[in-house]
Every structure is written in structure tokens, then in C-alpha cells.
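Working notes, structure below.
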Amino acid sequence: MEAIEVEGLRKHFDPPKGPVAVADVSFQIEEGEIFSLLGSNGAGKTTTISILSCLLKPDSGEARVGGFSVTREPEKVKALIGVVPQDIALYDDMTGRENLLFWGRMYGMSGSTLSKRVDEVLELIGLLDRQKDRLGKYSGGMKRRVNIGAALLHNPRFLYLDEPTVGIDPQSRRSILDKVKNLNAAGVTILYTTHYMEEAQELSHRIGIMDQGTLIALGTQDELVRLVGEQTRIDLALDRDAEILAGRWRDLPGVSSISNPEDGRLFLSTDDANTLMPRLFESARAADARITEISLAEPNLEMVFLHLTGRALRD
Amino acid sequence: MMRALSIAWKDTVHVYRDFAGLAMMFIAPLVLATVLGAAFGSGDNFSIAAAKTVVVDQDAGAGAGMPAAGATLVAALQSPEVGDLLTVTEVDSPEAAREAVDSGDAAVAVIIPPGLSDALTGTAPGKAEIEIYKDPALTVGPSIAEAVAESVVQSFNGSRAAAAAAARLAVAQGLTGNAQIADIATKTAAVVAMEARDDAQITLEQRNPVVAGAEKEKRPNVASQVLVGMMLFFMLFGASVPARSVLDEHRNGTLSRLFTTPTRRGVILGGKFIAVFVVVLVQAIILMLAGWLLFKADWGEPGPVTALLVCSALVAASLGLVTVSFAKTPGQAGAVSSAIFVFLGLVSGNFTGTIVTSGPFATVRRVSPIGWLMEGWSKLLYGGSWGSIALPVLVALGFAVVLFAVSVFFFRRRYA
Amino acid sequence: MRRTRHIVGKELLQNLRDPLALIFTIVMPLVFTVFLGFLIPGGDENESGLPLAVAGADGSPAVTQLMEALEATPLLEVKTMTSAEIDEAVQDQKVAAGLLIPEGYGAAVEAGRQVTLTFVRVQTSSGAQSARQAVESVLSGSNMATLATQAAAEQVATALENTADDGLIGAARALVEAQLADPAVEVATRSGGTSVAARMGGFEQSSKGSMVYWVLFGVMSVGGTMVLERQRGLLRRLNAIGVRAREIIGGKMITMIIVTFLQQLLLVLVGRFAFGIDYFSSPAALLLIMVSLSVMAAAFGLLIASVFRTEGGFVATNVITALLLGALGGAWFPLEITSPGFTKVAHVLPSAWLMDSLHGITLKGWGIADVLGPMGVVWIWIVALFVVAVWRYRPD
């Protein structure tokens, strides 16, 4: 039996005119796995996690966590999961310790067991020395750490993290990613949602790519990259007219896909880099533009996304 | 149960860490009770400012040896008995008198016409008219001056009527001497004038109403009566502060997070309801203690007071919860509940107290549970006991049960 | 100036889209006006209304005479009750006051003995005070007739070297009553001020009270928005793109002034055309008062929004300020029924001067020259509030 099974999930908000947030999504997560849902904003990742957290009821389909149905046995599911929401969901006018004690009580813990566990979690997240300060005085990174800590108090079997590194500094992000790996190493099955390709690549055993409510690809990184075949990725930077050139290059023979330029930078995929590159330089020269940087790279998830959707992950 | 209490404790602590909420719950009602108590006088006496009165006496008197009627009226207006109510100044002319009122320097002018004494003694034909010229924006001061003038005029008319009646009676009884009849008339008038001041046959004494079950009349002071209205009004705000936490938590994401824990939604909402009740009960206790210490409020017997206190807290909690249950955001809840509470305060008499005394008001007040609570507290202040608060408590509790049920329905529909 | 205009446009749009702003700006003030206007007794002697409960009407001639005299009084509406019912009725404010006629009243009056009636009232009730005056006036008249009768009969009897018997007393009474029915001296009461509706009735108080009291609620939406904008970093953002503090403050104040002016205008129109209040006796004076009231509310709103960092703090302080200004300024009840010191203290506040001015133009024919002084006090407040508000203003 898989740890988490999702079968044909569907969620339509405010039908008939409202958006279909999740459309016929199916996947399984194995025990001890880190599974990422990768997609741009609005892809349906948070809705999927909300269904698996028993916050939303699906319109159709089924999901089972640890063998329990999210629709029929929500209390049993909730006892197994820890949820780290996307926004900081904590109480600013309470101290770090008070917040953790409260959430521990909500998980049914109490007394010295709870107190000891709070100490452990505070140490795990590196905030033992700040535990008596009110959360309102914490930095964004510190709040994020408490946000994660509150989900770990009851030693959950499954941990859901919904875009936990949005808007924080690189150091804090690094810390969170390391913690996720450590937790997984300790046996926690992790469902991780993100729109950062690098995070999905670094953390995940398997990745599901979502776009507009649909799971468009699923597999290990190697399996996903193979979807784009033997394509090569060409990253380049232009000194001017990047949008115009990108438009022209879209129809250039040999170009499989091309991203929208951002600050003069773009990437494209091709089967034959050797033949394409001179054409790119020629085209740029004709437009009186200069290619200031160019590099070749192995295909990555961003290329996969572009290949599957025609858009870049951050669009 | 422990989880519900944890939630209740968390919400209660949150309330007491919010200065704005504390200001609404404690500072505002005490300040307003102090202000309004000062407005209506200290202790148990109702006092108002003395009305500035101007008087012009154009009466020259009726003849040598006879006191001028005008002077008598002026003396009555200036007498020590009404010294606290009227501050009287004499002016030279009716125009000056009216001008003083029109310019706001006086509340009322008493204009005594020439020939007043002559009209009374009959030496001049026709009637005399004393004019009370009053500031249209005022009612109390002018009515006092009017009452004094009416009383003196009544005495004049009475003396004159007595003299005239005595003269006619004497003639009817067969007395014929003009001098004797005149003497009878004069003496009669003098007796009436003297005894009218001193010996009223029918007098009026006043007292407060005695509430059923009270052994004697109790005289609550003004400040405690005002504090009851303010306490009940601000308990509504006190209840809405923790009640709004549901919406705050929904906005902040902590409510959703709570729902991801094994704690049932009913327990979560129940914990919040407990917090609302506890906060508002503590608020009421503190306000009542403050009333007792600061305003010497004598609330009544402990048993009925406790019952009414708990009932008041339940009603306030239910109102706080139900107004929040209709709102979608904390800001909306704050505004909606403020509007509803001000309206309830108006209807229930929290602001107007006993200024309004028309019959329909007593009926309208009973549409609101706060109105019933005002009635109950009023009865306790005036010496009532269990019997007199039974109906208000029962009705108010009935309201609370219904309102709780409504708020549970809306909260469950949205969050369960 | 252009940016200020745009800010005003944005604020007005937000205000219009906020249904609760409409409730506070329009609905509640109108409800308050109508409700309190009906409840507060009018000052016209020709209006009846104060219910007086009377117990002990035993059918004796003296009691019947007393009841007839009470019923003839325009201010009173007499209801007969038992003694036990009276205490409860007074306590519950179903009647303004109660009058207990003791047993043997008739016999005592006939015999010329002193007798005391009991007046039952709630001491803070001004309706009870008015009822008491009316009752005392009736008793005074009754006392006078009795006194005059007794005196006339006794003086004639003395002259006849007799005692006053029932026949003599009866004859004296008839003569006295005939004389009293046509008195030589009367009291006529006239009001100063304009000839239209020149009396202080319920709606005079509630209409003007609503204008002064609810104006602070009118600024709640704009002020609350300012607090939220500061919390969310929007003010800082405006600052960062070069919008000056004075443009932001100016925009917000102008919006508050517009909203509250329109609020007052509605109340004035309703007051004039629904309740006959003579607001337009001096349009210039009215305009000055309305502008001053709006600017004062805006200054208060701005100050509170500048000082308080949270929406809760802003709302709480705004509500408390409105309550205090209303209670102290004579918006809820006329200041003349308050204690001497209180009236003096109340006139430290601008709301008292505004109420005085509104009464002045509707009841006393005040013109713009008469309101300049009171409005001067209001503007001193406005300047002081504005200076502090600007000093405390921070975009973050």
C-alpha cells in the first residue's frame, strides 16, 4: 500500500463559471519519499494540498493518507499529518514558545511531554534563545522556522510543506531545505509544493508537474528530462530587442521551444545546437543586436515545463 | 474539553494584550459613567444650573400703604427658596428684557405690565397680563420662572377673588356699611395673601418607586444608574473583540491551520465561545467593582446580582457572536457590530436613561434583550430581589439561547 | 494638487463601495434622529403626553375635582391604577410619575384639614419633573380656592359675630369660583426667536444631535482605510514614488470633509422637510456651521488615524470620542438639564458650541454674525487637532 494515494481528484470552485482548480489529478507517494508538486502560481498545488489536509472536500475522486480516506476519516488523517501552510499561520502577540505549546495542545499533547517536545523542536529550528520573544519581533525567516516547527510537534508521519521558502533570504531558504532533507532522513514522508525548479530538483525523489489544475507529468527528474528527448538547452543574453528576436526565433528551424525574454535573457531548446547557433548569431546581427552571453546546458525541469506547456515556469 | 479550554485561554490572553480592546471594555464605560454622572449631579440629587432670569417691573403700585403687586412678584422671583433655580436681574424696560433673552444673556424674561396693582384692586378696568418671554431653546429654566410667576399670580387672583367674594357675601348676608364691607374685603385678602405663603392645605411629598419584594425604598445614586447603561453597552463591545478572533484567524490562516489538527471544529468554535463569555464576565465584574469603589454603587443582594451578572454576560456574549457570524472580515465585523450595538443601546435606553418617559418607549425597549437587562438592573438598584428580576432574567436568557443558536448555525455553515 | 485630487477620487470611490460606510453615514443617523425625536418629549404646552398614574380615586367630590383638574391639564395624560401598580409602572417607565391619593382625602379637604399626596418618581427623570410641576400647579389652584373660600366665609362670619356654617361656606365657594374663573391677572408665555417652529421639541434635539454625534462615524471609513494602508505598506509606497505627506493628508481630509458634509446635508434636508426644523433661516450661518463641523470631524479622524496603528485601536478611539463629544456636547440631551459645573466644562468642547449654534439659527434667528464667535472656538480646536495630526503622521 502506498503512503498517499490520490485518484481522480477534482475540485471546481463556484461552478459553472468559476475555475477548475484541480482536474482529474492522480498520483501516489511512497513511504519515506520526498514528493514535490512543481508548478507556477495558480497551478492547483495548494488546492491539492488542502484536499489532502482535509480542509477542502473534492468534488470527485478519492485520496487516502496512511490508508485513511480524507473525506470519510479526516480525524485519523489529521493525526498523521503535519501541515506547514504557505502563509505564516501563527500568533504574533504570543511568544515562540507559547505558539508551539498551543499548537502542541491542538495535537492532543500536554504536560511535560509537550514541554519537552517543544524544547526539542525549538532546538531543531534553532530558536531556543529567542523562545520568549513575541513572534511579532521575529524576522521573516525566523517566523518561517516556527511555522515549520509547529507542524512537527506531534512527530507526524507525513509532512506537507506548501511553498515554505517564498519571500525569504537565501540563508534561511538553505536552512529550510536542509531541515526537510534531515526530516526525510529520519523517516518522514514529505509532500512539498514549489514553483522553484531548483528546490524540486534538489529535494525530490519524484516530481509531479502541475499546470492549470492538471498533472501534466510525473516521475523522477531523469524520467521527466527524458520527455524532452536529446534536446540541448541554449541559454543566452542579448543587449537589445530581445522580445523581437525571440519572436523571430520561435519560427526558426531547429528551435523546439523558446522562453519569454526576461531582462534580455532567454533560453531555448534544440535537437541540433551546432546548426542552430550560427543562425542565431546571423539573425541577431541582422537585427543589429549582440548576443552577449551564450551557454549550452543539459535539459532541466524548466525545459520540461516549457516543452509541455509552451510557457516558462515563472510565467 | 482541555483543547477547548486551551483555545479559550489563548483567545482570552489575546484580548488582554490588546490595548484598544481594553480601552473599549474598561476605560470607556468608566469615563462615560463619570462624565454622565457629573452631568446629572453628584450623589443622589438631581441638580441643574440656575436659569438666568431678567425682570422688568413697570407696576407703580395701587396706592399709598398698599404693597405693589409688581414688587411682590419680583420679591418672589428673588426669594431664597428659588435661589438655586433662578438668578434674577432687574432691567429697565421690556425691550431690554427681550433683548437679554434674544442675545442669550438670559433664559427668560418676566415683564410686569404697568397697572398690575390697579387691575387687582379694580381701580382700573380690564385685565393685566404678565409676559414670560423665554428662550425657545430652553425648557427647564423658563418653566421654573413661569411656575413661580404663576404661583404668585394665583395668589394675587386668589386674594382678589377672596376679597370680592367676601364683599358680595357680606352684602348677601345683609351687611350694608361700605366701610365695614371694605374692611371685610381687605382683611380677607390679607389673610389669603399670608396663608397662601405658609399654609397649603394639600401638600406633595415625593419618593422613589418601591420595587416589589424590597423592604424599603432604596435610593440609587445617579452615577450607578448611568454606569448600568454604560456597562451593558460596552459589554457588547467587550464580547465582539474576542468574537472577532474567528475572522482574524481566518484571515491570518491560523483557523485553517487549526482545522488541519485532530481538534474537532466544534471544539475549536466552542473554545472561542467560552473565551467570549469569560472576557465579558470579567469585564462586568471589574466594572461593578469599580462602580462600588468609585461611585458607591449599591448593586443589591449578592444572589440576584450574581444571577443577573451571569445572565448579562451570556446575553452580551451571544450578541457579540451573532453579529460577527454575519461578517466576512474583521473590519466588516467591527463596523457591523458597532452599528448594531449603538442601535440596541438607543432602543434599550442605555444612553437616555430615564430622560424619556413616554409609554411606548417601555414597550419598544423590550424588543431588545439589553432592554430587559436594564429593567432587571434597575429593579436591583431600587431594592428589588429574586422576584423582581425573575422575568427579565428568563426573557434575556431566552434571547441568549436563540442568538447562540443562530451564531452556531452561521459559524458551522461557514467553517464546519 | 493634481495628486491630491486623485487621492480624493480614490478615497471617494472606496467609500462608495463600502456598504458599511453607507450604514454609518446615512442609515444610522436617520434612525437615531427619528427614534430619539419621537421619544424625547416636545416643549409645546399644547401637546399632551406625560402619562401620570393616579391611585386612590374614591369618587369623593374632592377627589373628583382633583382628577378633573389634572385631566384638564394639557401636559398630563391621567391613567388610573392601584397603588401597587404605580410603583412598578414608574419603575418600568410606563408612566412619567405616579400620584397616590391617601384614604380620607375627600373628608380632610372638606374639613379643611391638611392632607399630603405622594408623588412617585424616578429621580433622574426630567419627564417626572415636568409632571410634578403640573401637579403642583393644579394643587396650588385647588389650595387657593379652598383658602379663599375659607377666608371669605370666616371674615363674613366674624363680622356677623357668628361661625362659618356649611351654608356660608358653600355660598362663599360659589362666589370664589366665579371670581377665579375670570381672573384679573394672567400669565402669557411667548418664545423669542423666529416665528417658525420656535420651540424646543424632540426632533429639534435629535436632528441636530445626530449631525454632531454621527459626523465622527462618517469619517470612520476613510480613517480606517488610512490605518490599513499604513499597515500594508501602501502609504510608504506612495511616499516612495514621490507623493508628499501633505498631498496624502490633504486628500484624506478633503474626502472626510466631503463625506461628512453630504451626511449633514441629508440630515438637514430631512430635518427641514420631514420635521419642520427651520434650518434655512440663515443659509450663510448654516453653511459655516456645517463646514466647521465637517472640518472638525476630519481633523479628529485624521488625528486618531495618525496616532493609532491598528484598525481596532482606530475604531475603538473613534467610537469613544464620538460618544464623549455627543454626551458632553448636548447631542444626546440638552445641556440645560445638567449640573451647573458640567455645562461650563462641556463648553470647552467644540460639540457644545456647534449645538448652541444650531439651536441659535433654528430657534433664535441667529445670523452669521452670531455664530462667528462659537465657530471661532471650533476652529481653534480644528487647528490644534490638525497640527498634532500632521506632527504625528508617519507613512509607516
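Going in written order, the chains are labelled A, B and C, and every chain counts its residues from 1.
Assume contacts are C-beta pairs under 8 Å (C-beta built on N, C-alpha and C of every residue); 3 or more make two chains touch, one makes a residue touch a chain.
Small disclaimer: the values here were computed from a predicted structure and weren't measured.
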Chains touching both chain B and chain C, listed by label: none
Chain-chain pair with the highest tally of contacting C-beta pairs: B-C
Separation of mean Cα positions, chain C and chain B [Å, integer]: 12
CA centroid of chain A to CA centroid of chain C, Å: 65
Per-residue multi-chain contacts in chain B, two or more chains: 18
Per-residue overlap in chain A, given as positions that touch at least 2 other chains: none
Multi-partner residues of chain C (each touching 2 or more other chains): none
Chain A-touching residues of chain B, taken from the complex the two chains share: 2-3, 6-7, 10, 13-14, 17-18, 252-254, 256-264
Of chain A, residues touching chain B in the complex: 53-55, 75, 78-79, 81, 83, 85, 87-91, 93-94, 102-103, 105-108, 110, 150
